[in-house]
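Dropping the structures in below, format is structure tokens.
Two complexes, one shared chain (subunit A), two partners (subunit B, subunit C).
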Partner chain A sequence: MLLRRSSLIKSPFLRLFSATAAEPKMNLDDFRTIETNPTKHSKEHIGKYYQIDDTIRKKLFAHGGIPKKYEKQIKTFNESCLMVRPQAIEIIDFIKKTDFSKPTVRYVLYGERGAGKSMTLAHLAHYGYVNDFCLIHVPYAPDWYKRPKECGLSTIHEGMIDIPLECASWLIHFKLQNIDLLTKIDAKTSKTYDWSKREQTPAGSTLIELVDHGINRAKYAADVIAALIDEIKIASTAGKFKTMVLIDGFNSFFYEKTRVSVDKKARRWPVTPDKVTITQPFINITNYDWCNGVCILTVDIIGMLGWDRESNLPRYLLGKEGFEHLDPFVPIKMENYDDLQFNSCISYYVNRRWIQNTEKGFDQELKFMSNSNPYKLMELCNAL
Partner chain B sequence: MFAKLKQSSQLFKLTYRTCQPIQISSKNYGVVTSEKDDLFLRRDKTSKAMKAYIDRAQQHDEFMQKQREEFEIGKRHLANMMGEDAILYEDQEKIDEAIQYLMPSALYDKRARPMMKPPEKVFPGRKAAEFDETGRPYSFLFYTGKPNFFQLLYDAVEHLNALNKFEDEMIRQQKTVDLAFKLELTGSEWISQNQLELKLVESIQPVEHRYFINTMNRLAEHPYSYRVKEFIEQYRKPLMNQQIIFDIPKPQLDQDGRFFITVYECLRKRARGDVTVRSPGTGKISINGQPITYFENDQSREQISPQKKYNSHCSIKRYE
Partner chain C sequence: MLLKNIRNFNSSIYISSRHCFRPYSQGNVNEESYIEDEFRVLNLRKTKGKQRENAKKSKPPSVPPPRYQQMATDQDWSAVWPGPRSFHPATVPLPLRQGWVPLHKTTPGKFANAELMKIPNFLHLTPPAISKQCEALKKFCTPWPKILESEEQQEKHFPVKFISSDYVHGLPTIRNPLSRIVTIKLNLDNLQLDKHAKDKFLRLVGERYNEQTNELTIVTDRCPLKQQNYDYAMYLLTALYHESNITEEWENTKQEADMEYYDWHRNKSKVTSTEILNWRSTSDKKIDPPQGYINSVETLMNEGENDYNLNKYKEEVIKMLGLS
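Then we have the complex of A and B:
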């Protein structure tokens, strides 16, 4: 019995009973849902944990996308479960009802720290992947401006700073996410790109070749990204595929400071994000001058490098320029857990044996202490 | 002129105004003379100590008289300054208010602040003549240095002996103590050292004060101590009622028909807050507009958590 079960059926519930020799009961836990396809997620699934297939997760989020602490939790619990949040359902609903012949709609997720913006973005990435969207996913944009591994003056563009390794690694990430789609669709570049006297990507070559060039030649990676973005815009507008742009921490593109500097002495000369080569393509893609796509952006207060972190709201975080660039957009507020979601989270932890001490009132205490903030709740439960 | 600082008692000799000179019959082995002749003969033999004392006494009396006058005039000046009627300033409270207004002081010790009080309160009393013109002390305990104190102890012991005698009588008559008459000493305590000093107009050491208390305790513990009740009551101070009567504020009605109470100036270290509790409540907390995230520290949140049973402060049962 055990052998047959473990080899054939891959239901998430049966893993719970794999330790015992009991009959597989289809005991539907309140906090779980069997539905693993995000397309089918709707209001009934709000507050429930659904499982992402490990292969898909590795494909989509190998270079980031799921916050590191949550990844640790995934490893501990031995399953990658994500909670379905109402905001994610809302956006999925909007996307389903979008008229893709109109210019791209921009959705901006905002909320206090730890409310679930990045996780929602991950959920939507899964949705996009399942629905054959081309994913342009920036796991966490502020990282580029905070801790670039290597940066130097750009040889191609005067007065700008290049972060070649970051650009190249993003291209790797893009390739991993979209390789299936791009091989299927077979999109081609519309024009020739001359990188130098000897290097060239001729018109009509596949996008994958373009990306490969960027990966191999990190020096040109930023320009490859720019070219890639242009091509994707053209291809989407032409109707070859739909595009989903997911950027976490979009406000860092418009913040007045970065920690990028060419040398330590020049640190006093503040480098604004628009002086970094990687910025322009992503500002380009979030324009509304193309169609057949959707942009979901997050504004994160942690992306602000200074100490002036007064508000979580988009207008403050994006600043004047950013706001004008994105205007009009659909703001979506990421709330803390409501009662249903909170109970579901607690049930999940108890089920995973993460919370051992379930004396009376423990959940009330946790709710009070964390103010139902998902991240805070996770932090509090880590200590137990 | 209007504010007088307290002067130390060392400058003035203390006075025991109601000193009763003990009458000790003196056996006169000398020439029988009349009192008048006595004085006549002894006129020039007034001791130097007595002369000095008379001078000092006169000076003190003059001084006090002057202070009295100044005080009276001062009250009227004060009334003038405050722009009010002089009759109002017969009341000491009004004077205190006015002085606090005119001369605000942030000194910690209230006794160090400016005050305007009648001279008797400001300047300590003095003992009346302890010896006659010849220099012969009235009290037999004068040479102890603290006649009043030792007089008090002497009286206590006299009373104790009398009570013992009475007790012996009662036992002989086979009568027992009526417990209804027993002296009730629970609501009071013996006067403190400072108060004893003021009462006796003598300086008392802590050792002496303890000795005094031991003596009085022995007296008070006697079964028949009710017979010397007045004597004991003189030296008892009633204890303050320790219970703080908590005036529970009444809830008010707001526009939505919900009851609410606001308590102002709630303190914790240097933090000050006004707390409003509404009933019926939703369980939500809002601090300066923010939810509990106002406190970033976990420990701060735990302190006001209603779930913690062992809070040192009382827990909030219902909240807004």
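Then we have the complex of A and C:
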């Protein structure tokens, strides 16, 4: 009797039956997972692709967050799929274990170019969104210092330089990401903010009103960001909501060379980031003096200028000041694909008919040429 | 005379042109007789051509064959080549070749080869020659002290190494200005400096200290005599030692930027981690960050970052923040 039972369980028919019962037929590919909720992602999902709902993607990453080339690929494949990377799972596990009554833990993602730091950040932003975190998401900080659209002397803070358009567009980004949460929760300003003689945001107004003011009056956008971040810190510490800070290219806040300048005839690198009004709030939010939040930052070698790109490691990229600001943080190395993730990526491309010529050994060749680097692999496969 | 010559000249032109075309007139008998003769040359100087041919050609002096062809195979080489000397092809019995040539060409041989003469040779320092010289010098030597058999003992009894050069040459003066230079070497452990003194000592000596071998090197050449330079070097060593043992008043104002290494206890890192661990704690007793974390930060900052140090730091931070 016992023998017969065990043989029954081992029979392939039964297993197939149970598998089809659990999952719908369309997702039998082993490189995909139907688990679209990042909260439920665990080690068994590593290397598999999951789909982000298009409405969520448009809400979260409308103003950046997914690298442009990947965005293009999403459009081509007609579905927004992300791979579950082990580093994302590691951070999600840490967040689940975190005691939110203690000061914010800072995680720093580092790794070589194209290893998937920004994509991991996008995955975690999705996690934060699903779990009702208030997202403070900077899609790519070096953009502010490398390619500012407009810069002028700040009228409010003497000697500081303002990049009002970037500030306002970040506020739009913030509002789009958090509008659901902010309408749900009654977070009010704790004090009155006087912008000018006629304009003020009285104490007790909602954070949305504060943000709207910054969007409408770009001149005050930088100060609105500072006020907003102060308010979020106060509200988080009070336990009204949880906050997730996601900053891509955090090292640019501590890199002393910027292209921000009021006078183009002035010296070549005249302005340091601490002289730009947008810097201080984001350094403030990554400090340890608040709780009920989590900071996930990436350090990126592309944030540096060409001749300063010596190492990918966080201490070099952050500098002594930046390192001491974040210390103690949890460094997390973004590795290239391992065999499992590489095969999964290749089968995804084959499935999307992005790779059509599947001669024997083509995957080995791709692996050798790309060194399993996700970005290089994507670039190579574009031509296939 | 001149007239005759001119006439001859005219006729010779005349005859030479005769082969090409018939002359207008058949000239006289005298002219006819020249036809069979040799082509005549106008000789203004009146020299005799045959004399020149008979002149004696100067013979090259007879050279004996190169010396190496007459050498015995068991000869005393140190007698042939007793001292330093630039290469001589006839004396050296070796089939040497030297010099750059284009591909597939043969390298030039040793004769008239400037390349071989340019390079220094040690043909006078063959092992038999050295042993012969050592034998000759032996009678002037005293036995080596038994106490200094091993290198450790030499180092212990004579910690300061003194290096200088003597020059011997055949000139009216026996002085060589290069012989004044004196080098002194010393292992820093022999000085027994404390932490402060060692830091100050290293700052004072600068690049004269070799970190790998823990050795100090002082080179003095500013005085004209060797003895003076030696005295000056010893004076410097003494002064450095005593100066580094003195603590000046201004040394207490040492800032973080002046530190030669990263000390966790002096840095912002200590404040941050202590505050994080004591967040909202009401008790007076403060929790101190664990020693493992402190060590990992210090190694990360002092040794520089690498995968191993970063992993260690990560482990310690996770342990400290209670994420594991």
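The definition used in the following text is that the second predicted complex is superposed on the first by the 354 of 384 C-alpha atoms of A that agree within 3 Å, B and C clash if a C-alpha of one lies under 4 Å from a C-alpha of the other, contacts with A are read in each partner's own complex, and residues count from 1 in each chain.
Here, a contact is a pair of C-beta atoms (placed from the backbone, for glycine too) under 8 Å apart; a residue touches a chain by one contact, two chains touch by 3 or more.
As the structure is a computational prediction, the values presented were derived from the model and not from experiment.
The superposition on subunit A brings subunit B into a clash with subunit C.
In the superposition on chain A, A:W195 makes contact with neither subunit B nor subunit C.
Legend: residue contacts after superposition of the two complexes on their common chain; A:N373 is shown touching subunit B, with no touch to subunit C.
Looking at the shared chain after the overlay, A:F100 reaches neither subunit B nor subunit C. In the superposition on chain A, no contact is made by A:F77 with either subunit B or subunit C.
By the document's definition of touching, neither partner reaches A:W354: not subunit B, not subunit C.
Once the two complexes are overlaid on the shared chain, A:E112 sits against subunit B while remaining clear of subunit C.
Here subunit B and subunit C are compared by how many residues of subunit A each touches, and C touches more. When both complexes are aligned on chain A by C-alpha atoms, no subunit A residue touches subunit B in the first and subunit C in the second. The touching residues of subunit A, counted against subunit C in their complex, run 94, 97-99, 101-103, 105, 288-289, 291, 311, 313-316, 324, 327-333.
Listed in rising order, the residues of subunit B touching subunit A in the complex are 291-293, 298, 301-302, 305-308. Residues 267-269, 272-273, 275-276, 279-280, 293, 297, 300-301, 304-307, 310, 313-314, 317-318, 320-324 of subunit C are the ones touching subunit A in the complex. Remark: subunit A residues 112, 361, 364-365, 368-369, 371, 373, 380 touch subunit B in the complex.
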